[in-house]
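Okay, so chain A shows up in both of these, paired with chain B first and chain C after.
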Partner chain A sequence: MFRGLRPYLAIVESQFRVIAREVPELISIVLIVYMFIGVLYLGGRLIGSGNELFSAATGYDDPFRYQLVGVSIIAVSMVVLSSMSQFANTEMLSGRIDSLSLTPVSVNIAIAVSSIPFLLAMLLVFGLSISPVIAYALSSYGFVSVVLSIAALVVGMVPVFIFGVLISMVVLVYKAPQIVNLVQALFFILSGALYPIYVLPHILRLAAGGLPITHVIEVSRSLLLAGALEDGFRGFYTLATLSLVYVALGYILVRRFGSLLRYRGV
Partner chain B sequence: MGRKAIEAVDLVKRYSTYIRLGLFRKVRRDVTALDRVSFSVDRGSVFGLLGPNGAGKTTTVRILSTLLLPDSGDGYIDGFSVTREPDRVKRVLGVVLSVDKGFYGKLTGRENLVYYGMLYGLSRSDSVRVANDLLDLVGLSESRDRLYEEYSLGMKARLSIAKALIHDPDVVILDEPTLGLDPVSARKIRSVIRDLSSRGKTVMVTTHNMWEAEVLCDRIAIISSGRIIAQGSVDELKRMSNAARVVEARVYGDPSRVPPQFVVERVVDGIMYLKASLTDSSDVSVDKLVSMLRDRGLKVLALSVREPSLEDVFIDLVGGESVV
Partner chain C sequence: MFDLLSYLAAEVYGYIKSYVRNLEFVIDILAWPLWVLGIVLGLAIYNPLFISDPGSLAWIAWGVLILAIVSDKLWIVGHCIERELRLGILENIASSPEPVWLHYASIAVYSIISTFPAMVLTVAIIFPSLGINALPANLGLFTLGYVLAELASSGFALIYSSIAVVVKRPWIATNAMQFVIPILSGMVPYHVAPDQLKTVMQLNPLSYPFEIMKRGAIGQASMPIGLDESIALSILSIAIFYAAGIKILNRTIDRLKRKGSIQAQ
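Right after this comes the complex of A and B.
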């Protein structure tokens, strides 16, 4: 079994090596995430400057924590999406996707695995950025809330990985790397990272409900900002079910794209 | 062991392209990239697939490498079907698709090879050992710890071959392995190919370098417009074609008396340099040409007959065709 994992460990290791030799780029990624969170937080503060109005609109009384949870989670998912599609695109342009396809390795798994070093780096950033909220939740609502919210993040990342693989396939088959920007924009608009999704038009609310990242943010807010364990568990089950549906759909689509890729070539 | 190392059986591949007519209009055009391409390669031999640009060489290679599915037909590597058993094919086949692509610029040559070794399931220690051996084989031992992005094109080409051999395949396919290389680097690549052949590997090379094909390959197939138009050994191809032998003569005498079979190339100090072409279907022989010159009072100072080269054969068979 371990022998079967060797190729994927090699991919992770090579990605780590490449990242380690591109320190300025790594620092810039970290800085961009911080700037991203900072700018959006400031924007959010300006919009929700009246705490009473904010509380009435969202059900939460602290705009800082509210937006920090949303933006940190959405930042992690965006980095996963962009690192996977970027991997596919650079592998295609550099000819490495051909070389990868010539080996017995599954290209889909390789793409998913390739984002692990970036994901770990981003989880570090996520942990640092959300630490005030974690500290608040631990002191106010206890250990279970924090553990369950982390579990929700992990389960919610599964569909994000599937999105990443599918986007990468689109990048490879149709040579359209810009698709990731569209999906990221949809994630950002529909996830409710900055505002409650009920402010969206009905049709967009439906779409937002079908997006796992929306539920990750909702569950995390319920658990970390309000300590609502019952809501948290309910949201977690919904999220887990949705993730399973995405896994099944993703499997079918990835197989479909896989054969299309072999028929059309990279 | 009776199986052929490589077999292409009636490979057909069609592409759709769009011709733009103005800003918004476009017309779909179906292009037949391969039209019932068939050939086979014996074990341990070097086989050349020759053709002009756009003839279908790379499409053939991509199908045989499992990267592309044909519309019909099949390919076999070591008896395994490229369409139905791609994973088994990948275990016995090494491929160089592009000599300067497929590596991480920020990894060293050795790290890149170790990475590919592990992709084929080798342990780290085995991968390092094989990588070191292969770096020796392709003459890159001294540069093994330099970053790939610092390699010259020739070094990249040699590393590509090492990469194709990392899992010790029986069959190696090289797509234009010397394209864009300087003569010294190209010679090193040819030497590696000969070395592979002497180790019992089956090698298939695509190229449009005729001289290279002539000196490297045991058998050659010529592909043009997606069809194999001739295949055989170099000698067989020469016999097949109507390419001319060239008779060159240095002659002294009156230029107005030169027979019409000859072309006067130049005259230096009263000595004429003449050239004539002889095909198998010609009704004149070399002896007859010499007699003609002597009969007209011309003194033959020197005479040579050059056999048609593979390039002559290729041009005779393919004509002036080239897509690009």
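Right after this comes the complex of A and C.
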């Protein structure tokens, strides 16, 4: 049984080696998150008029923490998406994907597995970037809020993985690695990482509601910044349901793309 | 002179032929407006009244365009030597009879061409969706300001390209600069900036072309400086940026040749 897992473990191991070489890059992601939030905070402070209006619009009184939670979560999802599509692209360019498709290894699982080390590294980055908020939540609302928000992040990452597999397949079928940039931009604006989604134009608001990452951010904010366990649990169930829908849809699409990939070749 | 111009035209044509037909170009154009929308709303939420006030939101939106333009220049022009070194084609470029600075000047020109459609799309689609008038208040002045701003930021990025090639992880520095430089160049309107930032903006040559651009777009001045002075300072700063950029670039390429590190990494 475990013999079947060996090729995937080898992929995980090689990806861990890649990550081990990129520790400064991972640390710099934390710095970039803070720099981005810092610029927004500085700009926002200069054009803003105190926290009252912000609080009335968002329900939270600290804009820095509010945007830090959103940007940290979106940064994790962006790295997962780009690492998966990058893996697919590198394997395609080096010609290894053809060899991989001739082995008993599933290309889809290989792509998903390739991002596990990145996800673990990103959880570490997430922990570092969001540490002031976690410290605040632990001292104000206790351990349960933090654990539940991490659980929401893990559940919310399942659809991100599915997106990642689908994008990787688009990369392989249409030879278009840049498509991930567009998806990242869509995630960024639709997720409500920086603002509540009701400020978006109507049509984008509808799309945002159907995106699991939006709910991950909402749940995390209500748990970490307000300690609202009841809202957190309710949001968690919505997120879990949405994730299941994405898993089902993703399964159908991955099968379709898989047969297209086999038919067209890489 | 004619030779230089024909080299430049050939280089720009080559870039357009290779990149404009590329899917990457289309995706960049489509992604640009989305990032701008996200950042505009991310700033405006600090004062939610602005979201329903197109006049105030216009200051933020045109300010965020500064970030988008500067970021584009830093990545396209600022990473040009580093990218070609990484791809292993720098040695061929440096060995060709064409002056090497002309090759990089053509990248700066190409970057202006590549940013333009993304900016038009942003202004035409995103601005009206936020209730902002997409048509600049003074189209002539706006166009002048935009061209000067593009030239100034690409000249600045040309200087940066020589730094990016020697720094170990240039993308970290670029990420930092793409947020810091716009703040110092008028992303936040001068009239709401604190005194220290106002001083920096006055000293920063990039502020003036962006001020002209915003003045043309919104129809109001933000910095207390006459239009003629702004134009003169902008042209002077562009000349200095390009002269310094080309000088440093030639030295950098010579240094890379001497050290033998011009080959593919």
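In this text, the second predicted complex is superposed on the first by the 234 of 266 C-alpha atoms of A that agree within 3 Å, B and C clash if a C-alpha of one lies under 4 Å from a C-alpha of the other, contacts with A are read in each partner's own complex, and residues count from 1 in each chain.
Keep in mind that, in the parts below, a residue touches a chain if its C-beta (ideal position, glycine included) is under 8 Å from a C-beta of that chain, and two chains touch if they have at least 3 such contacts.
Everything quoted here is computed from the prediction, not taken from an experiment.
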>> Looking at A:56 after the superposition, I want to know if it touches chain B, chain C, both of them or none. Which is it: first, second, both, neither?
In response: second
> Touch check for A:188: first (chain B), second (chain C), both, or neither?
Replying inline: second
>> Going by the contact rule set out at the top, does A:24 touch chain B (first), chain C (second), both, or neither?
In response: second
> Now for A:178: first (chain B), second (chain C), both, or neither, which partner does it touch?
Replying inline: second
> In the superposed arrangement, which partner chain does A:35 touch: chain B (first), chain C (second), both, or neither?
Replying inline: second
> Which partner reaches more residues of chain A, chain B or chain C?
Replying inline: C
>> If we overlay the two complexes on their shared chain A, which of chain B and chain C does A:95 touch? Say first, second, both or neither.
In response: first
> Can you list the residues on chain C that touch chain A in the complex?
Replying inline: 23-24, 27-28, 30-31, 34-35, 37-39, 41-51, 56, 59-60, 63, 129-130, 169, 172, 175-176, 179-180, 182-183, 187-189, 192-194
> Tell me, which parts of chain A touch chain B in their complex?
Replying inline: 3-4, 6-7, 9-11, 13-14, 17-18, 21-22, 94-96, 98-105, 259, 262-266
> In the complex of these two chains, what residues of chain B are touching chain A?
Replying inline: 62, 65-69, 87, 90-91, 93, 95, 97-98, 101-107, 111, 114-116, 118-123, 163
> Can you list the chain A residues touching chain C in their complex?
Replying inline: 24-25, 28, 31-32, 35-36, 38-40, 42-49, 53-54, 56-58, 63, 67, 176, 178-179, 181-182, 184-186, 188-189, 193-196, 199-201
